[in-house]
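Chain IDs A, B, C, D, E and F follow the sequence of writing; residue 1 opens each chain.
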Amino acid sequence: MELKLCTWPEVEAYLSQSQGIIFPIGSTEQHGPTGLIGTDAICAETIALGVGDQVNALVGPTINVGMALHHTAFPGSISLRPSTLIALIQDYIKPLARAGFNRFYFINGHGGNMATLKAAFSETYALLADLNIQGADQVRCQLANWFMCRSVYTLAKELYGDQEGSHATPSEVALTQYAHPDHIKSAPLEPQVAPSGHRIYGAADFRRFYQDGRMGSNPDLATPEHGKQFYDAAVKEMSNGYLKFLNG
Amino acid sequence: MELKLCTWPEVEAYLSQSQGIIFPIGSTEQHGPTGLIGTDAICAETIALGVGDQVNALVGPTINVGMALHHTAFPGSISLRPSTLIALIQDYIKPLARAGFNRFYFINGHGGNMATLKAAFSETYALLADLNIQGADQVRCQLANWFMCRSVYTLAKELYGDQEGSHATPSEVALTQYAHPDHIKSAPLEPQVAPSGHRIYGAADFRRFYQDGRMGSNPDLATPEHGKQFYDAAVKEMSNGYLKFLNG
Amino acid sequence: MELKLCTWPEVEAYLSQSQGIIFPIGSTEQHGPTGLIGTDAICAETIALGVGDQVNALVGPTINVGMALHHTAFPGSISLRPSTLIALIQDYIKPLARAGFNRFYFINGHGGNMATLKAAFSETYALLADLNIQGADQVRCQLANWFMCRSVYTLAKELYGDQEGSHATPSEVALTQYAHPDHIKSAPLEPQVAPSGHRIYGAADFRRFYQDGRMGSNPDLATPEHGKQFYDAAVKEMSNGYLKFLNG
Amino acid sequence: MELKLCTWPEVEAYLSQSQGIIFPIGSTEQHGPTGLIGTDAICAETIALGVGDQVNALVGPTINVGMALHHTAFPGSISLRPSTLIALIQDYIKPLARAGFNRFYFINGHGGNMATLKAAFSETYALLADLNIQGADQVRCQLANWFMCRSVYTLAKELYGDQEGSHATPSEVALTQYAHPDHIKSAPLEPQVAPSGHRIYGAADFRRFYQDGRMGSNPDLATPEHGKQFYDAAVKEMSNGYLKFLNG
Amino acid sequence: MELKLCTWPEVEAYLSQSQGIIFPIGSTEQHGPTGLIGTDAICAETIALGVGDQVNALVGPTINVGMALHHTAFPGSISLRPSTLIALIQDYIKPLARAGFNRFYFINGHGGNMATLKAAFSETYALLADLNIQGADQVRCQLANWFMCRSVYTLAKELYGDQEGSHATPSEVALTQYAHPDHIKSAPLEPQVAPSGHRIYGAADFRRFYQDGRMGSNPDLATPEHGKQFYDAAVKEMSNGYLKFLNG
Amino acid sequence: MELKLCTWPEVEAYLSQSQGIIFPIGSTEQHGPTGLIGTDAICAETIALGVGDQVNALVGPTINVGMALHHTAFPGSISLRPSTLIALIQDYIKPLARAGFNRFYFINGHGGNMATLKAAFSETYALLADLNIQGADQVRCQLANWFMCRSVYTLAKELYGDQEGSHATPSEVALTQYAHPDHIKSAPLEPQVAPSGHRIYGAADFRRFYQDGRMGSNPDLATPEHGKQFYDAAVKEMSNGYLKFLNG
């Protein structure tokens, strides 16, 4: 059930059954010479819709742009500042909490979002309490990173070993190939496996070290069939995660 | 060309040909008993993709949540505060302007976004100048509302006359039916044509007057075939609008 | 009745009769070689005082500086950023709403303020609701642009035809001549009728195209006698507008 | 010379002679049973215009609403939050500094503005430096409180002794009587001399102690003739102050 | 009693006896060639702990960084912007007010903090009222500058006469020598008594005039023994000040 | 070397040798019935000073209050909102980066700070780049949590096994006992080992589950001798960490 495809009376009816909602959150940022700029949003959204189907949960609109300031030296990358993203999360949750939602499950496709989302959750809880919103003390948010699912991690290890890397990884590229089989890109990768080991600081520093944008990965290993495997693993594990969150 | 489906080297290549980009912006808000909550985002995105195809323009990620504070008394509605949306627009444009983009064309599906977007454009121009960003004085943003296209307006008048109304209109509902034929909703509308004439103030006031969320409309008149007509009209007119903007 | 000339017990007494208040809002920005920098504030204030007299309404302090970022490449222009103006409007309305006012009528003299004011009203309604202010859901703000009064528009058309233009117009200059007959300026205008047709983007772009600051206008046509006519028309029409707002 | 009554070429010409500008800043707040709500703005503006005439300085638009949060329990009082006022001051100064102004002289009519204005000046200097605005390091702001002029203080002591008090004082009331002789109010004062000695905290606390809004004053002593004396003293002393500031 | 050395049940017990808390606030900024960068924080903290002991008051964590933007042209200086400091103060007070504290006594070591703190107090009172926090109208903050104690002032005059100056003063240096006798610095002072009389504007302007950072002072006169005297005087006077505040 | 005990010429000299600086950051929050409210700040500061000594690094002022919103239902807890902490970090780093520092090493004592600090670093890098600060692209911040040192973790496991828990842990309590042997508290703990396994959401939710504030820990196991061991381990490991950061 996508929120965007519901009417408000349908939401009202849903709320009498469940107070949970899933938000896919990704990023719009470079993913190396062959990875799609929308990789993180595509992965999060694809999995979230799968989870939504599996557990009959409402899926809110995808947050397509996240915290990717360190990627902005590559053309086409967009980012919210953390303080903007914190404001955005508060704005999203406030009316939904007033409407009766109290379990917010964020299926996240981008490591760079994690810190800011956690900070945003904290600030949101305090805001809801400050505003004396009914049921404020029942509101819970959870960050769920599909790429950190145990089953996903194991599968990536199995398929790619050390060449999984940490950005523009074959696993996420595979998932986008599964989701968009007509948009599989190819380009020479030099070196075949990208360098790694340099921490993330500012955008210029990032590009100086990670010259084509990849971090430690060899996305040439990705196939749409792998993508299907990652999709299945993630949907299964995150469906359980959502139910546990709902009932926890 | 969807930005999300491009790689960064493709964006770099695009920039050597064009400095324009299209952003669909919608809203996530109630659209009456039968209209989809994602109506405005669906319409904006659908048309933007059509325009992008027509004129070979890059289409950025859809801004799914806009300024809909006055709808938030209906469950499922989400809104950014204007000041958050202003910050978001600045965050979106800043890295893209640094990368070389200077024509930002916002295809908008929601009347409630108009004021804030215009304010945001002004604040963005000043910010880019304040930060001494190269080419700041060449950056231009344009707000283009599909529902205000002359051809769309004429068609709506022709098809629906006085029953078009101004929120949850048959024209926008028709367009969502064309885009999502498997999500056509039906529910009793009482009265058949919603009341109108009350200005928009706060959320509680809105719901007090517009009890089922519609404003002056009879969305039962919508058909997917109409939707196709609206789509064709809007894509054609906005493609011209975009090219004029680019070359103006 | 000017708020500034009242005592607080007089305001208290007024509130037992009426909950309406008028705020003139203008701008401090260039108005071409012969237009006063305070034109928009002068016009708004002059008319607001006339309306206040006509309908026995309280008139708050004039907001002299508005949203004029696009004029700031001309010396003497000042502007609030939209986000500052939004904060200011919230600050103005919050204590007055607490005191019992619930009809805020903004008589506006500057097109550039419109978008930000509308955004500000939306954010203010939500803030008052968030803070659980008593009567929050009764608060209404209205934007009333004197230069868009039908009677004013008709008169301008009649007197100036195509030479009215859209900035540093003879109608607004005439009104300032009526209000400040001892400050009628003259300077050569080249060309006599300013260019037009270029949309408004950033400040540098604006000045590049509109070199002396005027947009499509020939302010030499203005006379103080015209100013009186504009004043009378606007006061009459806006007095009706205010009463309708109050009772609507 | 009022900025509002100048054209931009006149400002340009002025800048070739002087880089100074005066801003009157007041407040819109209760001034006891007989003091005008606009007292502080009226006093600041009246004196600023006098000083402007005396020293041929440009006088910007009056900042009518200041920091008066502690007065907001009385109807008709309006206040900016300090953080809004800080943003406003930055917005005012930024374009003027870009245009070449570098001496900003704030003639202030309200004690409650002092702290926030000083804070705002500090934040503004840093902002101008942050933005690499040309001449940023030459920009200076000065706070000049008319009610703290030595000559004013002496005169008030002489005329009113202990009954001057510190809010709704006979000296400021006298000045408004001089400026607006047709708006002299009268009402019973009980006690004749208001209580004093309680520090200023929040709005509710203020009103609890200062029940009619006055602080230690007996405004019945005021006369328009006194007002003229205060006006003359303040204009003379502040004219000197301005020139010293300009040349200092 | 230092808050940092208490457990929460001890705070709970304390609150049943007293609702007062002391916050030392200093600055991290240059203090001339021989003054410690932490001078203001050291002085405030040292005295606050003394006062806390004297009157059995809880002493909160020292605010080590204050508003010192004008010192930032000297290496090692740090400053909050006023708007950040205002936010910080609100954040500090909000949870403590909710817990039952209502007397906040800020022992301040830095003149540059005064304006912003006063502004912050005003904004905080309004925030607490806006959020309907229980007891909001009983909350009071007081700014207490140790260097403005009458006894301190008299002693400084006595010991140093005109060479006390106003920044990097022998009195504050003496107090740090008393607190940190192992960190007494020596360096040539040229001139022996620093220049004075130039107002404070931006950081570059400050350093241009006050080349080694001192303002009118001769810190060579300081001794740890003097420091002890200042400490005793300040603790005594401020203990009385705190008790008066608590009971006032 | 503590920054607070240096003069600015000493900082200038230091900068010619090193561009690194260490900031201890803690929190002011409940730590169960026997843990000190300042635990996190005490631990971070104690270790940071040890590291500073070991590697001759400058140690900045301790950030005593961090992100502890979820602890604020216990009296004595204070917290910055994440957005305030982000602003604070930017304010701290900006002037130091201008002065030439480019390695900022945050020794952190509180898990709740981690997310916000990471977000703050990202926003700071972007800010420095936006402001065209010289050397902006060389600035690096690193978060170093003493409690996550491998040696610390191993030691805690060894000493406390499962009773280490995750808040008000015996390891951090031990370290405070070592630092403040005269402030060792005792109180009955019921149950002896606190409950665990409940995620952290808002403050009310936290207290509902973690009734005395501890999370899974048995702080009675702590001794000052353990504290010394933790101190030694952390200082050694973090000294290496700092040097690696500096040279990395």
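Definition applied: contacts are C-beta pairs under 8 Å (C-beta built on N, C-alpha and C of every residue); 3 or more make two chains touch, one makes a residue touch a chain.
As the structure is a prediction and not an experimental result, all values here were calculated from the model.
Any chain touching chain D that also touches chain E appears here: C, F. Greatest Cα centroid separation from chain C: this falls to F.
Look at the contact of chain E with chain F and you find the same residues on each copy: over half of the numbers used there are shared. Between chain C and chain D, the centres computed from C-alpha atoms are 24 Å apart.
Chain A and chain C have CA centres that are 46 Å apart. Each of residues 72, 81, 83, 87, 131-132 in chain C touches at least two other chains. If you sketch which chains touch which, the pattern fits none of the simple shapes: not an open path, not a single ring, not a star, and not all-to-all.
Interface residues of chain E, counted against chain F in their complex, comprise 2-12, 15, 28, 30-38, 41-42, 60-65, 72, 74-81, 83-84, 87-88, 91-92, 95-96, 98-100, 180, 183, 185, 187, 213. Every residue of chain B that touches chain C in the complex is listed here, in rising order: 67, 69-70, 72, 79, 81-83, 86-87, 112, 114-123, 125-126, 128-129, 136-142, 199, 201-205, 208, 248. Residues 130-132 of chain F are the ones touching chain B in the complex.
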